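I'd like to ask some things about the structure below.
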Amino acid sequence: MSTSLAFDLLLAAALLWSAWRTLATPDIFRAAILFIVFGLLLTLAWARLAAPDIALAEAAIGAGLTGALLLDAVGALRARRDSAL
Amino acid sequence: MTDPIAWLILLPLFWATAAFLLGPGRGARLAIAALLAQCGLALQLAADVIDGGARTHAVGGWGAPLGIDLAVGGLSALMLVLTQAIALPLAVYARAYFADGAPAVRYFWTLTGFLLAGLNALFLAADLFNLYVTLELVGLAAVGLVAAGGSARQVAAALRYLFAALVGSVMYLLGVALIYGAHGTVSLQTLAPLVDARAPAAVWIACGLMLAGLMLKTAIFPFHYWLPPAHGGAPAPVSALLSALVVKASFYLILRLSLEVFAPLAATAATALGLLGAAAIAWGSWQALRTVHIKMLVAWSTVAQLGYLFLVFPLLAPDGLALQAGVMQAIAHGLAKAAMFAAVGVLMLATGRDTLEGLAGVAGRMPLTLFAFGLAGVTLMGLPPSGGFLAKWLLIEAALTHGQWGWVAVVIAGGLLAAAYVFRVLRQAFLLAPADSPFHPVPRSMEWTAFVLATASMLLGLQGVELMSLLAAGS
Amino acid sequence: MSGGMIFAGAGAVLFTMGLVGVVLIGPLLRRILAFNVMGSGAFLVLVGLAQRDGGADPVPQAMVLTGIVVAVASTALALALARRLHRLTGRTTLSATDDD
Amino acid sequence: MIPLLKRAAVILAAASFAGALVFAMLDLPAPGVHLPAAVEANMAASGVAHPVTAVLLNFRGYDTLLEVGVLLLALLGVLAVGARATPPAPAPGEPVKRMFARLAAPLMVLVAVYLLWAGAIQPGGAFQAGAVLGAAAVLLHLTGILPGWGAPGLRLRAGLAAGFLIFLVVAGALLAQGAVLAYPPAQAGRLILLIEAGLTVSLGLILAGLFLALSRDSGDEA
Amino acid sequence: MALNEALILAILASSLVPGLIIFVLAESRIRLRTTLNLFGAVAKLILVGVLLAGVSAGEIYGFRHTVLPGLDLVVKADALALLFATLSAVLWLFTTLYAIGYLEGSPHRSRFFGFFSLCVTATMGIAMAGNLFTFFVFYELLTLATYPLVVHRGTPQAMRGGTVYLAYTLGGGALLLTGIVWLHGLTGSVDFAHGGYLSALGPDYGGQLQFVFLLLIAGVGVKAALVPLHGWLPQAMVAPAPVSALLHAVAVVKAGAFGVERIVYEVYGVEFAQSLDLLTPLAAVAAVTIVWGSFRALFQNDLKKRLAYSTVSQVSYIVLGTALFGPVGTVGGLVHLVHQGIMKITLFFCAGNYAETLGVHKVSELDGAGRRMPLTTLAFSIAALGMMGAPLTAGAVSKAWLLDGAAEAGMHWAGWVLWTSSVLNAAYFLPILWRAWARPAPAVWPEERVPARGRIETLWLLLLPPLATAIMTIAAAVFADSAWSPLAWARLIAAREYSGAMP
């Protein structure tokens, strides 16, 4: 097995693990962070797939903007709940 | 230059954008004028198809499989005519309905423009991935329209709808991914000769995923859960658009894909689809018989009526009876359901109530609207001389020809159940009104558009030959 | 086995995980996350499977670019709705049945 | 223990589905149609040198047109769900962050212009450039420099719609020559650049809007 | 469009168009509404007259419109069609007059007369339907048009009656539809033909055809109120009197009976039906219905209910005549279609008069009604005697032909059924006549609404129609042998069905 294949396998495993954690983590804030990590790993995967265009877009839109949107939403929902308490 | 295929997509995009630029709530007159033009374009296209058969428009001039083709045949031409023919009266209706400037109107015209562009693009698409984009266009526009009311119920319904639409789209997309992996193309025309019964497992799975995704979007039982709150909770013109057209679009896709590309695979699922259709008829009707809200009744009726469409699949055969039945049902139900939601909208505005009980006495006060509701109901029950009747006739004939008795019983029972819930409304309307019940006048244009749509669904039953010759053209 | 196939396989698993998540998870934000995982899985299958023989294929890559933009659009709309629902009702989930 | 049983069943079903999917994919023969070759063969006529951009804006430009529509639609949905008439005042951010943002934002604009220009010959293009622009706006918002959105005014609406409208007008105008978006090879490069430039601005605004229109209710509700 | 096509469509339009206009008329436009109603009714009568003259001169009237490839909407005026169409047109005129008087001052008259006109349009369509598909179209239209009439009063009781009515008729329609589509699948779109068209299929299809016959007869049998499908009829009695008259004499039950005739004579062909052993069971059902209806009528105190059960019984005379193999029985059945209509409508007009004028709804309240309302009671008596089959009434003519037909067909038991029914008829009608004429009037009527004006006992619009139909009841018997009597027309039809062998 060549090193590149091994790296690909490792990256795929990391992707699966981060996705799993994203969905399974009890704390929603951490889940959003993990999702951003997932997005960055995905960026790597796109690069490995010779798709730099997607990698750029994934980093900026998938991980960046979606992550920001999610974090903002988590913050908003938390803030509102806290203020209600 | 004046190829109606392209303009049917570009024109609604133009006016949707223009309405956005004009600002919140504006653009009604523009939309109505453009819809008139779209009606003309769709009719011209239908005439072209009858004269010259099916044809394609190679976007970008490349042609499939490198570029994207738009294709029109009898079936798509029919759906296009139906879409414009329903949208135009509904636009007139909506203009009056939103005259008070309710919050739902702010982005109504823009969203509706995008919705119609998406529908037209979907009917014309001949490329699996392009279909995915049009599905998203239709789905997001529809969700936006449901959510625009802004109440908690509407937002919850929109969310439910959005999740269904998105999951459906992604399932469909994975199917496209597998197809591209297997055959290296997403053009329907290129794919058709490549798919046969010995297809690799991935193609079967792709077929199943796409079917499941589209069924989720069509809201066929047991995926119907999102439909009643969405269609029952939206403002009347929105409900009418969604029930009449949007769910039909994904049904159209299932039908077209199973006829054109996946025919060798589709036969295996046919009976299951028919059974789901039967279950939808039973469950939708049962719920329509139980609900106390008049709009929910109409929404549940959509669930039931969609069931009829799926009875077509086990009966598809070269004789074309079942296909004719399905198309006739789609068209008749589209017109009738648009009329019914429009009528219900009028009744709810007039009585200020949303329950069946609140309808007591409207027979005397709003005979025209009630008549429209009744005519639409006749189509849903499948009684003559409506288009729904012809659909039922063809379906029974197809079932008897193939000796599949069970479906006859389903169709007959479905018609009787429809009668039961439609007459729940009508008999309520004939009751004597309590003397002190309030009553608000409603613009006549709203009553008349409901009536025109209902009458169209009725007269359709007399024009079956023309419709079927268009359907047969180019297929 | 090629790199393309590995990522396609990972995509298949991601899609499944996401699908199960969207169907079974209650809290809306997490369902939105699950939907994104599901979509990413489908994108990986699209490009990975097409490039299982190694060479880059610009067609599915362009499709995925389109898909990513559609996904962020849907996510934003879903978040907007979820936040609105929370503001109106204080709920962060959809109740089992609300045909009230 | 019904939940446990249910969980086991779900895991089993999901695992078998994923497994079947993977095996089915491994089992696939090579596809009969090979599009990369077709893309390669037609690159000369596409007006750009980068294959992905050629597919995105020329060969399958129609998909892209509709997709921009989808994006605009999502923003409309976000605005429709609860736009308020007047935007809330920005919350003041920390000075250090603001300084950083003031420095970073112009840089990001530069990056965006570069990406747009580079898209014709190498990775990059309107989407990436637009995303960077959008990110710059988000950054400025988070540091309290850029206010959140209320209902957009006419100029903002024009900016949001401009990219889509340019695309649409080009598509309609080219219909006169035979087909939607059928660029004449000689002008293809220029037209695509025009469309991309418009898209970059509008996509940047829309992506920023998705965030700014949403985030506005985080502060005032807290 | 050829003149002959235009004429036949004009017959439908003469009630459809006024009906549609009336729907949108304001409630207060009484004069215009009345004019439209009468104009439509008179125009229809004239048009039917033109057609009658034309058909007997050998002219062919028909209109065909293809709704789906291989599926035609056919309207044509043949002899059998005109028998029913003439009856409906004549009785509609009288019913309209009566209804105008009856509903004076009550609410929702635009709606009422609108559906009333639709109802008659549907009946005309049923009469002139040229194939089973067309027949079904108008048959269901009739169901829909009568529902609003049945529930017109909007009371809970009316609603209940309407729901029962719908449940029965729509269910029957579903069976009928199945049968029709089945036949369409076997033969394609075929028009009604003298002597039927199914015999061409041959004996291989015997089993299928027997089953389809069951479906079809069950379908039309609901409207014809064949036992056990008759349950809706007594419930539908809650409707206003003109509607009951329409339901029982002109439109609904007649449509059912007429459907039986079309199916037996012009779809299966009476000879082919006989060879499939279909007629004897049909006769048996009719016999049971005749006896059961009469028997139930005995115990009804509500006048309209008693009349309703009487209808159940009398309509099956028509079915029985149809099922008696042989031209004589056929003539009996056909002629009773007309005669029963005339007599029954008279009875309902009179019952309506009692209710509207005196508030009398029950048989037990009729004491002395003959002195207070002699003309109404006279008309009632003539019609009741006709129902019993007394000499010099229309009923006697039909009964004579039916009895001969039973003998000719070798079904002597059918003769006994008819005699039994006559005895029962007498048993439930004679006490009414006795009470009305011979018992002293009470001091006050339950609810006297219309005071007597000199010699006119009630509104003349309420009085004229029953008197006219009572006179017709006698005329149909006295002039039975003339060329234009219902009997002569029925013999003409029967001659065609039995390939010319006419008594």
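When the chains are written out, they are named A, B, C, D and E in that same order, and each has its own residue count from 1.
Note that in this section a residue touches a chain if its C-beta (ideal position, glycine included) is under 8 Å from a C-beta of that chain, and two chains touch if they have at least 3 such contacts.
These numbers come from a predicted model, not from an experiment.
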Shortest hop count from chain A to chain D along touching chains? 1
Steps in the shortest chain-to-chain touch route ending at chain E and beginning at chain C: 2
Mean of the CA atoms for each chain, then the mean for all of them together: which chain is nearest? B
As a test of understanding: of all chains, whose mean C-alpha position lies farthest from that of chain E? A
Distance between chain centroids, defined by C-alpha means - chain A, chain B (Å): 38
Taking each chain's centre as its mean C-alpha position, how far apart are chain A and chain E in Å? 78
As a quick test, compute the distance in whole Å between the mean CA positions of chain D and chain E. 72
Report the inter-centroid distance (CA atoms only) between chain A and chain C in whole Å. 12
For chain D, residues contacting two or more additional chains: 21, 25, 28, 35, 39, 52, 59-60, 63, 67, 70, 73-74, 77, 81-82, 127, 207, 210-211, 214, 217, 221
Shared-contact residues (touching 2 or more other chains) in chain B: 129, 133, 136, 140, 143-144, 147, 150, 155, 178, 180-181, 184
Which positions in chain E touch two or more other chains at once? none
In contact, pair by pair, are chains A-C, A-D, B-C, B-D, B-E, C-D
Sort out for me which residues of chain A touch chain C in the complex. 4-5, 8-9, 12, 15-16, 19-20, 22-23, 28, 31-32, 35, 38, 42, 45-46, 48-51, 53-54, 57-58, 61-62, 65-66, 69-70, 73-74, 76-77, 80-81, 84
Given the complex with chain C, which residues does chain D contribute to the contact? 10, 14-15, 17-18, 21-22, 25-26, 28, 30, 35-36, 39, 51-52, 54-56, 59-60, 63-64, 67, 70-71, 73-75, 77-78, 81-82, 127, 207, 210-211, 213-214, 217, 221
Please output the residues of chain D touching chain B within their complex, sorted ascending. 20-21, 23-25, 27-29, 31-35, 38-39, 42, 58-63, 66-67, 69-70, 72-74, 76-77, 79-83, 151, 154, 157-158, 160-161, 164-165, 168, 171-172, 175-176, 178-183
In their complex, what parts of chain A are in touch with chain D? 51-53, 55-57, 60-61, 64-65, 68-69, 72-73, 75-76, 79-80, 83
So in the complex, the part of chain B that touches chain D is made up of which residues? 1, 3, 6-7, 9-10, 13-14, 17, 20-21, 23-24, 57-62, 65-68, 106-107, 110-111, 114, 117-118, 121, 129-130, 133-134, 136-137, 140-141, 143-144, 147-148, 150, 155, 178, 180-185, 190, 194, 200-202, 204-205
